[in-house]
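A, B, C and D label the chains in the order they appear, each numbered from 1.
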Amino acid sequence: MSANSIGEHLRLTTCGESHGEALSGILDGVPAGIELDLTLVRNEMARRRPGQSAISTPRKEKDEVRIISGVFEGRTTGTPIGMIIENEDHHSADYSEIARKFRPSHADFTYTSKYGLRDYRGGGRSSARETAVRVAAGAIARQILPAGVEIKAYVSSVGGISLDTDYTLYDFSQIETNDVRCPDAVKATAMKALIEECRAGGDSVGGVVTCVIKGVPVGLGEPIFDRLEARLAAAMMSIPASKGFEVGSGFAGSVMRGSEHNDIFVEGGRTATNRSGGIQGGISNGMDIYFRVAFKAVATIMKEQETIDVDGRKTTLKARGRHDPCVVPRAVPVVEAMTALTLADFYLMDRMTKIK
Amino acid sequence: MSANSIGEHLRLTTCGESHGEALSGILDGVPAGIELDLTLVRNEMARRRPGQSAISTPRKEKDEVRIISGVFEGRTTGTPIGMIIENEDHHSADYSEIARKFRPSHADFTYTSKYGLRDYRGGGRSSARETAVRVAAGAIARQILPAGVEIKAYVSSVGGISLDTDYTLYDFSQIETNDVRCPDAVKATAMKALIEECRAGGDSVGGVVTCVIKGVPVGLGEPIFDRLEARLAAAMMSIPASKGFEVGSGFAGSVMRGSEHNDIFVEGGRTATNRSGGIQGGISNGMDIYFRVAFKAVATIMKEQETIDVDGRKTTLKARGRHDPCVVPRAVPVVEAMTALTLADFYLMDRMTKIK
Amino acid sequence: MSANSIGEHLRLTTCGESHGEALSGILDGVPAGIELDLTLVRNEMARRRPGQSAISTPRKEKDEVRIISGVFEGRTTGTPIGMIIENEDHHSADYSEIARKFRPSHADFTYTSKYGLRDYRGGGRSSARETAVRVAAGAIARQILPAGVEIKAYVSSVGGISLDTDYTLYDFSQIETNDVRCPDAVKATAMKALIEECRAGGDSVGGVVTCVIKGVPVGLGEPIFDRLEARLAAAMMSIPASKGFEVGSGFAGSVMRGSEHNDIFVEGGRTATNRSGGIQGGISNGMDIYFRVAFKAVATIMKEQETIDVDGRKTTLKARGRHDPCVVPRAVPVVEAMTALTLADFYLMDRMTKIK
Amino acid sequence: MSANSIGEHLRLTTCGESHGEALSGILDGVPAGIELDLTLVRNEMARRRPGQSAISTPRKEKDEVRIISGVFEGRTTGTPIGMIIENEDHHSADYSEIARKFRPSHADFTYTSKYGLRDYRGGGRSSARETAVRVAAGAIARQILPAGVEIKAYVSSVGGISLDTDYTLYDFSQIETNDVRCPDAVKATAMKALIEECRAGGDSVGGVVTCVIKGVPVGLGEPIFDRLEARLAAAMMSIPASKGFEVGSGFAGSVMRGSEHNDIFVEGGRTATNRSGGIQGGISNGMDIYFRVAFKAVATIMKEQETIDVDGRKTTLKARGRHDPCVVPRAVPVVEAMTALTLADFYLMDRMTKIK
């Protein structure tokens, strides 16, 4: 099956359940000789960490990454980098109810059907806790990319409160100044209020994350099946709760005519507009790459819902436990991590394109 | 690099340029003992074939698929199926202009930058002609899927003329009754008129394809990186000119609250609503799977555009040749083929999930 | 690069250096619902453990495997199984000499040349300590195989003291009765004496491991590049110090004529002889599979040898530290583990061959 | 399954049956900008072609390779190279007997058991005819390797008539001067006489091919599972009729002590001896790489043999048709091709090892 690996040359393999002993990952293909900045890894982990703000889950995890291999005297050795994140706050909740009832729109039913059993403690493998390893690996992947590549994601919509789709209107230095990770302070306040309202009502709400990558060299991406946008789409749609992906002009671009949509070349191969989103024919063209990822509301809510149990009988369920009322603020570092992993893979791949 | 393969277990590898001698593909992993319906393959090829209607490119290709291996006495043998499609209408156009000028929003610039050279005849490998092999392979993949799985795609939007996003409102038997492949006859007429207007003006226009899959067994898809929606997204975003993908509630779902969005289970594990789009936790839940794919307008237009040449000098270009003014009608069978390949891959994969 | 993974469907990825913090592995693709016998895992680890007998290295490692995921209430869940083995006895030897001198016939020179640096503590990633994770994973892989498959390896030669190549002459229950893991007690005593003589002289010695697999179902293995013998060969030649592989009649078979070599079919598809070694056309035929693996003497010896240092200057080196004088007794469980991983991968793969 | 591909970055996928319409292959991952020498491809095909000498099968095939993609104006474009070899001499022999009887030591029984059916015309996919595509691809792979890499294989043993295992004793310019492809003219004559004797008696005979690679840069090969010798072993053991592989000192090395076997470093990182066979720790060390591959006698012989039919009933079979009495002379270019494919893959892979 090998469904727990991503990347062709820079390859991340992960394991671990939400309430198991630990999460772990192996990042293979990291080039040798990189002076690894572990502070960067810690900072990214802190951005994803549960309990970081008033609007995230109160689950307490230090999320310290133990790097057990592949680094020697501060530099990568070319051998795989092993990462372990212990689960600390996996206190034995009472799972008797969740063990027998399927949460609506959660993976409980499909896992049970597919595998014949499921680790029901906190969602097991289907929990978004699994993304912690991705963030650690992504922080390493960033350090493989050439200097000048800058990956910035932000929350551009929560429950219908939305920013303009043109990212150039915003000051990215403002993103981390609020709990929502939104560069528009006014909208951020409104978003936060909406999230808090949802939490108070035992409900959750969806949103959109926009990601912008500057400084990408020309030539990353491979034609046909490994187009840069295809691999980015897969990476984003592998994040729990994601429902849509669009790059450049996206769905809005589908209403335009060719004469409106085409990006006219100017000197140096740059383009006057950038509806292509920095990718043409599956390959980066040196302009900014930007895309948007839609996330649905978290399925686990604290309201009573009708459902069925494992025997197919009708019942009701009111979830308990610690969950984010809105996933997008904490999805921001995950989106960035998956972007870094994808780009670094293509960066390595491109080194084999020409040999002379 | 190996960028020209897709699928883990059912794996399609393709080669061939738009104006080279032939296109070819190898489909590996087809189970043994399937009575292969070659008429189905021919029919699908006919649906994608250039020159099939008034609103498609006049390029003439019979697009006959020669199957050279993997089939014996009408049945698959378990060995790889080789497919060859000769390029017939690759008459030597005068490429002297296109050889030296980059078409805006086309892959000319990125290919040249990445590879140091490009096969400029008709777009070479970056031409959508490459999708012919995908359609042939997809028609074989459909025959791997269990009886009852039905894959139907249709054009749901052209240049802003759009159908309702709720696919259940339409009669799918109407899809193939018009050149646009739109199940709403009135809208189809308007769409066709728009496409013809674009063609007359030397312009092109974008659109959206909706795809619905009925009868999918519960349990297809793998958690984490090979989520069903992640692999579908990659498959769709690998089709030339695609700019966006959304499954189930998609981007619209991102404005909803959990209590609105959740699909309540009813008897048999079915759900009362289907905002999940038939996938929960990356795994099919037995409900209809549906998604939408946005396509931009074809980049090659017959209007004069500013651009640069291979030496970076400003120039103008007015493309000639045979191109579709709107890609979505012919993209419909391609979307279906990529869906079939993806599902069949997961169908085989799922056979390894439980062994007892 | 992804060089640290093996297997297509049952896929083991490993990391960890000899004197790093820990070794780790992720085994992906284990089917769900298997009641996992952890005692079997512990027993196999004990067979490979350093310090187990008078003729193995005195390095002390408990080699306890911590399984952190993929198992719930005693059964596999279909999610990847994470394994962690802490390095306990990695006391800070004085590596100042080894850091600057290349051990003859060791990987010191090639690692330094390839990567630009190397983790010189105990051989780093090139140490055979890495095989510990393989043994743990192999013990899990055995439990995927159908009941009746029996994998038995033994030492068939040490420094020229050799058993007959016909494995049917030996009683496999005698293998584990001596430190050498040789089913012939008399030869085992001679082998042990030779190994002890080598150790006393600061030298090492090579040998051969024979492996026999009984009860393999007909049909495992895939034609062309993934022939069963090709994948077994790769698995065996990936074990440190291996220099040769032969299956069935092997090199001796190359002197025979077809009329002598062919295995005549008798009832039930069995064959009267078994020079094929249980594999025909790359696929198991239900007869015993047997093969032999040659191992060279361990490169690290306690005798003074001429060599060069990292600056290319001539010098001498007399290794210190804890090393096996003969690798083959401890290679026996590694050979079995790699066999189990390979067979289980093919066993899963074969489930996709026919669907009707 | 995907068993019909080999290579991670330079990846060959093949299809085609012995008596089907054609053989085909796609070589993906060839870097762009290589001026491709097609004469070299033709020459290698001629070396493998049936009917080339008195001691090979009389089957007549021109074995012309049609390259349909990936090359433009004489240079590779970075897109996959498609190769088609038509089967010309697949005249409809009478297969009624072979369709119902299993040839001893052939793949007839295992294919039928595994797949439920088999293409019995000339062995179908299990025929060594499949190696034709490998030779074409190998001839391209050679052109990826840096100048100075020289791959030379020769027949070192036929039916017990053997050369010395030290390849340095021979003048490689003599290899192609005789039909056997043996650099020792006297032994070649004896080998040829033995092969002719076997053919006259309706029998076949096995042999050994030695392969030597000079000029390999230091650093090719990846540690752990993708050791250079592991991948070479798999490549060789994927050639039909191969039974054994040994590199460097091989099986003979297993009787030696470390102090005898170790290769002492001299200036420049070269070694005084080369028992390692040019590989240490799975990575090339710049010395000659050499290995030996054992081949059994061809299973199809013109003598009457006992066997069973598809219903399990005892019967006899005397094969007809056109077969080589000894496979090794024609295996020489196949061994070289598989070597070139393996090395070129590692050569590309190594470009990702260090990025700074």
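FYI, a contact is a pair of C-beta atoms (placed from the backbone, for glycine too) under 8 Å apart; a residue touches a chain by one contact, two chains touch by 3 or more.
Please read all numbers here as calculations on a predicted model, not as lab measurements.
Chemist: So which one's got more C-beta contacts, C-D or B-D?
Modeler: Greater number of contacting C-beta pairs: C-D.
Chemist: Name the chain whose C-alpha centroid is farthest from the C-alpha centroid of chain A.
Modeler: Farthest chain from chain A, going by C-alpha centroids: D.
Chemist: Return the distance between the CA-based centres of chain A and chain D, expressed in whole Å.
Modeler: A distance of 46 Å separates the two centres.
Chemist: Roughly how far is chain C from chain D, going centre to centre by Cα mean, in whole Å?
Modeler: Averaging C-alpha atoms per chain gives centres 26 Å apart.
Chemist: Hey, how far is the Cα centre of chain B from the one of chain D, in Å?
Modeler: Whole-Å distance between the two chain centres: 39.
Chemist: For chain A, give me the residues that contact two or more of the other chains.
Modeler: Within chain A, residues 1-5, 8-9, 14, 29, 32-33, 78-79, 114-116, 125, 223, 349, 352-354 contact more than one other chain.
Chemist: In their complex, what parts of chain D are in touch with chain B?
Modeler: For chain D paired with chain B, touching residues are 1-5, 7-9, 11, 13-17, 20-24, 26, 28-29, 32-33, 66, 68-70, 72-73, 75, 77-82, 84, 114-119, 124-125.
Chemist: Given the complex with chain D, which residues does chain A contribute to the contact?
Modeler: 9, 29, 31-34, 78-79, 144, 223, 348-349, 351-356
Chemist: Taking the complex as given, what residues does chain A use to touch chain B?
Modeler: Against chain B, chain A makes touches at 1-6, 8, 14, 102, 104-107, 109-111, 113-116, 125-126, 130, 157, 159-160, 198, 203-208, 218-219, 221-227, 229-238, 240, 242-251, 253-269, 271, 275-277, 279-285, 292, 294-301, 303, 305-308, 312, 314, 349-350, 352-354.
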